[in-house]
């Protein structure tokens, strides 16, 4: 281990904030099961020692589902090894993290198609169809 | 404090004599009394007293060491409280912040009423036994401060009458109990006949000057014969002197420094006159404090002779083998006179002697230096109005003695002894105090030879 | 007042999807240090938000605050926010110069009278108007003139907020803060040397989002970012509680990442968001790099003794003064004793 | 200048000067009073040795008095122990002393200090209650006793509040804490708290006089 590693990962404190967060996750899962109430934890608002966030991430691991979202930069939405616990990384176009959340929910809101987008898509599709129709009628006229 | 109660049991129906009664001497106004008290308090406000008076943290532990507080539970008997006016005067007049205390009126002037009230606390209820000095976490020698405070009280004419009268007689007659040189000589001659012992009187030259307490001369004269017997047995060159025989020092106990000095100087001068190498003090507690520890300072330079209490002398003689005693087959307990043991540092001597006598020695609970005072020291035994309190306090002593279940009760202080005798009569108690000196003198081996 | 498109319009015009917008809202919520449950409200508010006009004035400053802001990488969310404000005057960033620049300032003021924001970095010298001028106008005059029609003033950086380094002892230019001069308008202080770029943009986006000024502390700082001390949010705090401290910069404690209190860390008395928001796109912050906090976002941080003096130390003054105090004690004591002895003598004579 | 700067700067400086001046004033005001030589033939000659012996052994109550004084001893020792630990073993305090005198020693974890601090306050309250209710203590107590209690407990209490906060800003609490210490330092030489140095003088005096007589001390 290089001396730099020693500086950035103080061994005695690696678990500092990890355990309390995991407890919070357990309570959130209970709430989800009993009251159908999702929970979002903003990881950016919590103080982490160097290495702590990585510990948390590797502890939670990866589950069956990982989704990539491309909107104002890439986002990764990953279900952890614990179903119902989702890890969300929002990045900007430079790849910098702009938001990092743990969502305890059945499916994160951002994965669902949004009414506004559906409406826009529906409109786009409708326009396309109109295009087909007008194309056909033009063709019939011709 | 002046709760008047009706006394319906005496022949003359009246209110009971108030518990607190102030005595005054001289025709002084209140202001003059305060002025005198302040002057003679002030004389004592040197570095030593100042350190002590400035160090008190008011923890109250001294109360637990005082037989007056323990016996009555009355907080006013807290030792440091007995010094309140003395302390107040110190803070206002001499302490480092005296100027500020006066400027802002933080410490009031001591009043005549205050001093009168404290007469009871400084005389009737303090035997200057120094037990409180041992409990104080700051190491304040409270007993020595009480002695200093008495200096002011005396000059202010605020001494209990009987103590004042006794002290005055000691100054005028040379003895508090009317022992004149002639009377002393007569009684010595009587003992010489009675006990068939050679007693040296007024020799011009002697290595040892023996002195006596008036209490012994009047009440326990055998002590004179015993002293002579032992000194003869030791082959000492010794003498009694009619111009310096009184060992008690009521000037010291009442608080008159001049009288204390006069009394001590009589012995010192007599000892110097005969070229004594040693002054042998009798079985008297405060005599030891007066000459052994205060004598040189009164004299103003080291004394040209040694000062020994008779128990120290006996212990040395027995330890060195110069004196031999028979075995005494008795169980014995020993009451340490405060001024000799706790205050004087001669605690070991009586224990050495008792070892040579091979008695079944039973130490009092807390015996030795932490011993309860008999309650009669510091002049208290002379004060009539203090009798009730003195008897009450003596109960502590009785409990201690009874706990040993010893056959014989010994001490080496005639003042303790007279207090024990008085309390014995009051309580019709089974123990009679005997003299350690007498016991040794009665069991000298040379007798048989 | 000219038509200003809402943020929703702008994003839509750029072809940003609703998902993208939600992501942006989530990031903004996080940036504003608001709970994640606020996202829908933020989304709603942001959709309606309109571009405010912003005039940026730079006085006695080092351009570090501007650097801080612009060094945040190009098309970021902060950048997006800057797209959503109308930066009408900034003499470092704007293309216009000379009279044209001043004309732009005046035009923005007139067009948005009563609604524009004034951002200030740098302190204002009152000692001599010539100490710092722009286009021949003293800083003081320019500030007072520009602020007249402003909705609010934002003091960016410790110089504008508290006087900063120009105001440090002995303050040769007579530098003062914006708040010292502006009493009739809301002033938001965003101190720091420099402030965290995200905090600057967050303050702006909060204004943008809610159209109102954030809750401020007693020093005029937004509570959302300056509500807690560095110490409170510091990942090294547990070491403080355990009594584990680095004592030099290269001892075992330093290598193990122990608390830097003994090395003079001002974290306990410094209110800022460095410990959670961190710097350089969330990479690190001074304490994480092994250096104690200097307390740069606190008033007078330059004059609070050495940076490496622990917070709990005090200045006991000079040895000469201490010796003087001791000598005075001895002298007064001796005088008191002499006085007492004289008084004693007198009392004894009288008695 | 904010409150903390005032507390750490001028307030503390003035307090230290007053403490120094007052302590030496009191000490020299006593030591330069009249002294009388002791001409008695003492059993022990070593003055310093005797003084040191009493300075040490008066920290412990003689077995004869232990039962009677158990309450006072328990609360007394606990208070002094608590004050010692909280004042001298809390790292920020050690740092303070290092700044003052340049010496440095190991400290204890904060939660230990906090725990001891709570006990100290508890014992302090017990001491106050006893002083107000015990007949002896009530009789002999004066303003000095109560005010000294107040200025001693104040820094402990203000110190304990710091981690709890009660919604007050840390630097304000620190300033109040430092000001309370300044008050303590200012009062110390003038009241009974001066026993921190007078006990050496007082026990030492008894050692020099009475211990050397060979009497019990």
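Before moving on, here are some points about what is shown:
The first chain written gets the first letter, and so on, giving A, B, C and D; residue counts start at 1 in each chain.
Assume a residue touches a chain if its C-beta (ideal position, glycine included) is under 8 Å from a C-beta of that chain, and two chains touch if they have at least 3 such contacts.
Keep in mind it's a predicted model, so treat the numbers as computed, not measured.
Common neighbours of subunit A and subunit B under the contact rule above are C. Of all chains, A has its CA centroid at the greatest distance from the CA centroid of subunit B. Central chain (C-alpha centroid nearest the global protein C-alpha centroid): D. Separating the centre of subunit C from that of subunit D, both taken as means of CA atoms, is a distance of 42 Å. Averaging C-alpha coordinates per chain places the centre of subunit A 33 Å away from that of subunit C. Between the Cα centres of subunit B and subunit D there is a gap of 37 Å.
Here the spacing of subunit A and subunit D, counted between their Cα centres, is 60 Å.
Each of residues 25-26, 28-34 in subunit D touches at least two other chains. Taken residue by residue, subunit C touches two or more other chains at 333, 336-337, 340, 344, whereas all remaining positions touch fewer. Shared interface positions of subunit A, defined as residues touching 2 or more other chains, are absent.
Chain pairs that touch one another are A-C, B-C, B-D, C-D. Interface residues of subunit D facing subunit B in the complex, by the touch rule stated above, are 25-26, 28-41, 43, 54-55, 58-59, 61-62, 64-65, 68-69, 72, 76, 134-142, 144-145, 190, 192, 194-195, 198-199, 201-207, 209-210, 213-217. Within the complex, the subunit D residues that touch subunit C are 1-2, 4-5, 8-9, 12-13, 16-18, 20-34, 91-93, 95-96, 98-100, 107-112, 170-171, 174, 178.
Residue ranges on subunit A touching subunit C, taken from their complex, read 3, 6-8, 10-13, 16-17, 40-42, 44-50, 52, 69, 71-72, 75, 90, 92-94, 96-101, 109-110, 114-117. Remark: subunit C residues 333, 336-337, 339-340, 343-344, 347-351 touch subunit B in the complex.
Interface of subunit B with subunit C (complex): residues 35-40, 42-43, 45, 93-99, 155.
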